[in-house]
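In what comes next, chain A is part of two complexes: it sits with chain B in the first one and with chain C in the second one.
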Partner chain A sequence: MNINPKDRINTIQAAVIVSNFILGSGILTLSRATAEKAGTPDVWISVLIGGLIAIAAGVVMATLNKSYPEQTVYQYNRIIVGRWFGGFIGLLFVCYFCMTAAYQVRTLTEVTGLFLLEGTPPWASVMVFMWVSLYLMVGGINPIARLFELILPVTIIIYLLVTLMGLRILDPNNLRPVLGQGIMPVLAGLKATVFSFTGLEVILILTAFMKHPNKSVKAVVYGIVMPMGIYLITAVMAIGVLSVDGVVTRTWPTLDLVRSFELTGLIFERFESLLLVIWIMQIYSTFTIAIYAASLGLSQLFNVKIQKCMYALLPIVFIIWAIPKNINELSAFGDFIGNISLYLFGIVPIVLLLLSKWKKGSTEETDEAES
Partner chain B sequence: MKLNLNLARCLLIGMCILTLMLQTGCRSKDEIEDLSIYVGMGLDEAKKTELETKLDKLGTHEIKKNLITFTLQIVEKQSEAKGGKAGSDQNSKPYINVSETGDSLFQLIREFTSQMERPVIGHHLKVIVINEQLAGHFSMHQLLDFFLRDNDIRPSTMVLMSSGPARKTLEAKGNSIIPSFRLMGMIDNRYRTLKIIPPMTLSTLQGKMHAKSSYLLQNVIAAEGEVKFSGAAVIKGNTQKFRGLLSEEELLGVTWLTGKGKGGLVKSYDEKTKQIITYEVKTMKSKIRSHIDGDDVSFDVDIESEGRLIEDWTTSSAPIDDEFIERAERAAEKEITRLIQLGLYKIQKNYKTDVVGFGTRLNIEHPKQWQKIKQDWDNVFSEAPITYKVKLNITDMGAKKSH
Partner chain C sequence: MIEVNNNLMVNLTLIREQMVYHSDVTIREFLIGNSGVAAAIVFANCLADRELIDLHILKALMSVQGDGTPITKSFVTNQVLSVSQITEVVSVEEMMPKVLSGSTALIIDGFTEAIIIGTIKNKTRNIEEPISEALVRGPRVGFNESLTDNAAILRRHGENASLALVSMHIGSRAKKELVIAYMKDIADPNLVDEVRKRIGKIEMDNVPESGYIEQLIEDNYLSPFPQVQSTERPDRVISALMEGRVAILLDGTPFALIAPVTFSMLLQSPEDYYERWMAGTLLRLLRFFAALVALLTPAMYISFISFHPGLIPTKLALSIIGSRVGVPFSSLVEALIMEVAIEILREAGLRLPKPIGPAMGIVGGLIIGEAAVQAGIVSPILVIVVAVTAISSFAIPQYNAGISLRMLRFVAMFCAAAFGLYGVVLFILMLCAHIVKLKSFGVPYASPAVPYRLNDWKDFFVRMPLFMMKSRPEMLHTKNKKRKRL
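Moving on to the complex of A and B:
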């Protein structure tokens, strides 16, 4: 692939994109999803272990990329497993990214419809949202990276400010006992937390744009550690304030955490709108990068201009967006995507990595034999 | 080619104008002047108000069971400005209370829409007062479900109980008070008295409700437009229904057991002179330890407090010596022990509800054992031996050095 030099991003930008892609709808639901499975206050341990697993997966992906600098997964998997099968895997990736984008936006409309824009027809807010996102991604990876660099610090600062204000009503007893029922509940909660780290797979595509592709491991690790910290704080605060039994009853526990207190005397008494604003920015960034990744895949698979793919994908994503009939179907959809990502990005990169090593090994052997 | 460019330009301009249409602001806005903001809510047993009976006679109504009388306290539009200007229209109250009788709470709230020009909104609900008899018939799950589900009402809303009609606690005598705000203000007075328990918000409640644990809710009584926090209502874990009332003294005992008081006093009598000595609580700590022996569970509680000798009626000109301080400490400890005895007997033997948090401690210290007995916890708790030790420490005597 011949990438324009101005389309290069540096290591920090790559890390920021990974973080922004990971942080999405998960922030609001992570503590419930995990607490439902775990049933004990050890949710934060699950988050920690889930993060470590994500880092391991990220390192595998980044190492895979290193062997094929300047190339995205769509291109090099065709080298590794052959033109047709590689193309098929590439198409699966494209489908996955489209579904992720649709899922994130659907979650967004559910939340805004409930708390912010009751009465606004969902399609109205979604369309505007998608168009603004299209505007950004048509510009290419560099504008995306620069915008994300602005969004992430704002997100982190406001998020910490807002959630840590709940410390006042945090009851440490809600977080105890630690490992009261052994390690099993923690492992049960793992699945939910690993789901929430999906998004790191974007490194498979990002490395091709990096100025220093050999630093992709660093980028992905930094990119995962950031959301891991945010998830940890979320889990501790939500469980500490609402208790495990409270968290499992709430649809959007993190929002309820922020709605559980009022600070009188400050300019603002209530902070959920601030939280929602940064959350919407995060969904925006997740959506943008997902569509960008999907379009890039299409354009590289079929040799068409990437902008055309973007325009073509928007209506498709909109249709997927409209499919879930209610919130239960939506969360089933979310689980479905999570499961797919587990196979697609848990197993496929490892297989690809092994195959590429084996291939390289065999070519080297033949080289030696020839010489 | 030229034509194409022009066409593109026209399209672009058209799209720009189209986007302008999206910039007009809020799509489904409600001006605040067109809304009625309710700040307080009272839930009572069904008892129709006069107005309701009259309206019922004149009109027809839907089929509904008369289970609950529901009172909304709505802040009058101008009340904020009125508070600022003293002497302006003194004859109208800054709030109105409206009542409706029926069953589904949401149906009742929406019923007001056909009675008022401005629809009611719940974003600023501060306090819910529930009548105790009503909470005896219906579980908290049923009574609070709507509030926990609604997207306007915040989980920071406080829940109080009333042994009298909840409607009365939302009334005030003068024209300057909004009763719901008064209740909220009173909750903030915890640093001055031990009789006010930590506020119970919807967000804390839902955890307790789902965990089926027992808890206390502040009891508020009202007469002639004045209100008072007096004792606490006990909600039983399994049923989530009102179990009984703790008197003020019993509540003090329970507060000492939990160690969650912020400040207050202990009045006791000097053994020698039979005069009043009052101890002001500065800090309060309680440490509950659980012990298991086979299937038997027992607890001991260490209560420690530091404070000040703030009032002393003994008449003697001698300066206060160590011996007297010792005596004062013993007297206050004895009083606290008496309170704890009262409170513990009531919750453990009469009501069989663990509102102190012994179960939580057991869960933290012996999680395996807790898993086994948590289903039947209130019964196990009622049999568990509990010992307690009180240790007071008078650190100073205020600005006066002698008796």
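Moving on to the complex of A and C:
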């Protein structure tokens, strides 16, 4: 009903959107969050396992979607669990997306305030950011997908270039011993790494726009493998260069990783500006798709035009943005969102999937009984 | 409506009444051969081909040796007038516009029709090399102001029965001919229909140049980017047609329009294909780089100087800041002064008569470069920045694409002045968001970059060897996909 039949995206575009949504959140903080919990150099194993869990969750969501092609989660969960409860879950999703968007953009203001814009009032930078994002998302899912396709290769190339330059000062000893304290620290770090993969839930609404909805599993797997590779490299480089202790004590270890080496003789000697540039782009994409997902939910729940929802949501997100008072509250807020996402997208899709299978099974049974 | 009377004298009086307003119309009365029937021709002095009139109309009619049977219309048109174009009209109102556009009207006593004879003589410029799109290698042929010549140039390109030249008329008061050119078995019929529909919708009493059409058929009038390409080069038009695009030629202008346009086309030059592929590829990459430089260098200068001197190498930062010590302005004002000066210089250079041009360059370069630095208005490093920017923007092969970049450069500078590098990133995001939303005749402006069309990437940043470019651009949804076979 809210879907323009021409507004379709292909499988690659769906994968790119998933990747972009995931990448924004984890690049800068993943290695610290994990190292804090794990305390050993085995962060990269946590990332690997976390990625696999994310893929599993993604496959569950994509399979769930397959049974309801052309519909988003906001529409079909009302079919599965009933109008009111389904609507309630839909609203929770909307809230979650809003909070994610606010959290991401707050992280952005913290980092840019620290490294790029010391004197500028944060509300000014955030408002402009939101307007630029609004300009893109009123165009619908197709321009969003196309812009993400532009951003992603640039991100990957620059990111690899910048981080891999640190190979010269990588100390393999920092990465040893592998599994020195057994598997338990790895599992302890798991929660943090799984958080870094939040964003894959966007597949729940993306499938409705796909030209080939039955390829949504493929899209989500590709979409997760990409950031997984990036995260692995980040974890290995950050721990290898800065050591576990070094990573834990730094707020933004990836930035410090890039700051820790200089190449003389080039125009840039230091590359954190490049890293910041691509990171802003990633946050932009995460923010845009999160607000888009939230607005789509509102518009489908209450039958209003999606553009109106976007205009309405921006001020709300702005208020949420302003709530955390300092960086500690911000990270607490981040943990809170992570926990919610665990329940909302770890458990709810499985329950929905089981329910829908059971429902289908029972209808088939009754069909058989009738025939 | 005044109908053509069968009495010649009545007709001529009617026409003479009209001639008060048309001083260039001449009436020549004569008798047809030995039959004694009175006749007259009406033609416009400067527009009609006098030689044709003298030889094939007057001489033919005057030397008719009749056998006494009355002169009939079919006799005149079929046996006397040896001219290829002949039509008949019945009213004076229909006759006058034809006469005023160069045809000759033949009125014979006793006939109720006037015979219109095609004697239009076009005075056209010779075919010259296009000034605005110079090439080192490639045909030295450019369009001129005559539609017939231009159509002929396209036809002459090669024996090709599928080249369709569909004629339309445009302008309600000053009616002009316009030709839509496309390849019948290549171009997407939907595209052709769309072009025709948009042109049909134009309501203007006068269309002086193809730029009018461009502005009236483009998708988004608020966009800074040209959504229709204009060119003087026939080879460019031909290769666009072969890719499945549509060209629009208007009478009276050497600029043909090509649609749809994608962003990558603005940075391509026909030479990329004429030179070997390595040179073509490298030059094309160079142009992309130049476009980036032309767009962003002053903005980067402002953001690094005003916001993040810490992000550039320390020595460089020190030398830049050292050279700016005496400058009383902020970096934005400083950069604006120089950029505006350069833009004025460039605009002035365009309008100047050719012999004065170089003098202008010397004066401008000397005063603005040397003196401004010595007076301490700007820093020497900014002069370098501005010069690099200007040179890079000259490397853009299309004039109108260059203008887009020039406009956007100023926007980028203001963004940088407000938010530094963050502002520049937001500017880039905004620009990209605009480009991905923009469409030119249904084709996404950002294609083939996005959505990914790997096959079209052979002719995007790089220009692959010709034997590899087997298919036409996918984004144009052509009827015939392969270049090799008909």
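The rule is short, and it goes like this: the second predicted complex is superposed on the first by the 368 of 371 C-alpha atoms of A that agree within 3 Å, B and C clash if a C-alpha of one lies under 4 Å from a C-alpha of the other, contacts with A are read in each partner's own complex, and residues count from 1 in each chain.
The criterion applied here is as follows: contacts are C-beta pairs under 8 Å (C-beta built on N, C-alpha and C of every residue); 3 or more make two chains touch, one makes a residue touch a chain.
Since the structure is predicted, the reported quantities are computational estimates derived from the model, not experimental observations.
Contacts of A:128 after superposition on the shared chain: both chain B and chain C are touched. When the shared chain is aligned, chain B comes close enough to touch A:245, but chain C does not. By the document's definition of touching, of the two partners only chain C reaches A:150; chain B does not. Of the two partner chains placed by the overlay, only chain B lies in contact with A:259; chain C stays clear of it.
Contacts of A:114 after superposition on the shared chain: chain B is touched, whereas chain C is not.
After overlaying the two complexes on the shared chain, residue contacts for A:8 are found with neither chain B nor chain C.
By the document's definition of touching, of the two partners only chain B reaches A:180; chain C does not. Residues 117, 120, 128, 270 of chain A touch chain B in one complex and chain C in the other.
Interface of chain B with chain A (complex): residues 22, 27-28, 148, 151, 154-156, 201, 203-204, 206-211, 357, 360, 363-365, 367-368, 370-371. Interface residues of chain C facing chain A in the complex, by the touch rule stated above, are 307-308, 311-314, 316, 419-423, 425-426, 429-430, 432-434, 436-437, 444, 446, 449-452. Interface residues of chain A facing chain C in the complex, by the touch rule stated above, are 10, 12-13, 112, 116-117, 120, 125, 128-129, 132, 135-136, 139, 143, 145-147, 149-151, 264, 267-270, 272-273, 276-277, 280-281, 284. Within the complex, the chain A residues that touch chain B are 114-115, 117-120, 124, 128, 169, 173-174, 176-177, 180-181, 241-250, 256-257, 259-262, 270.
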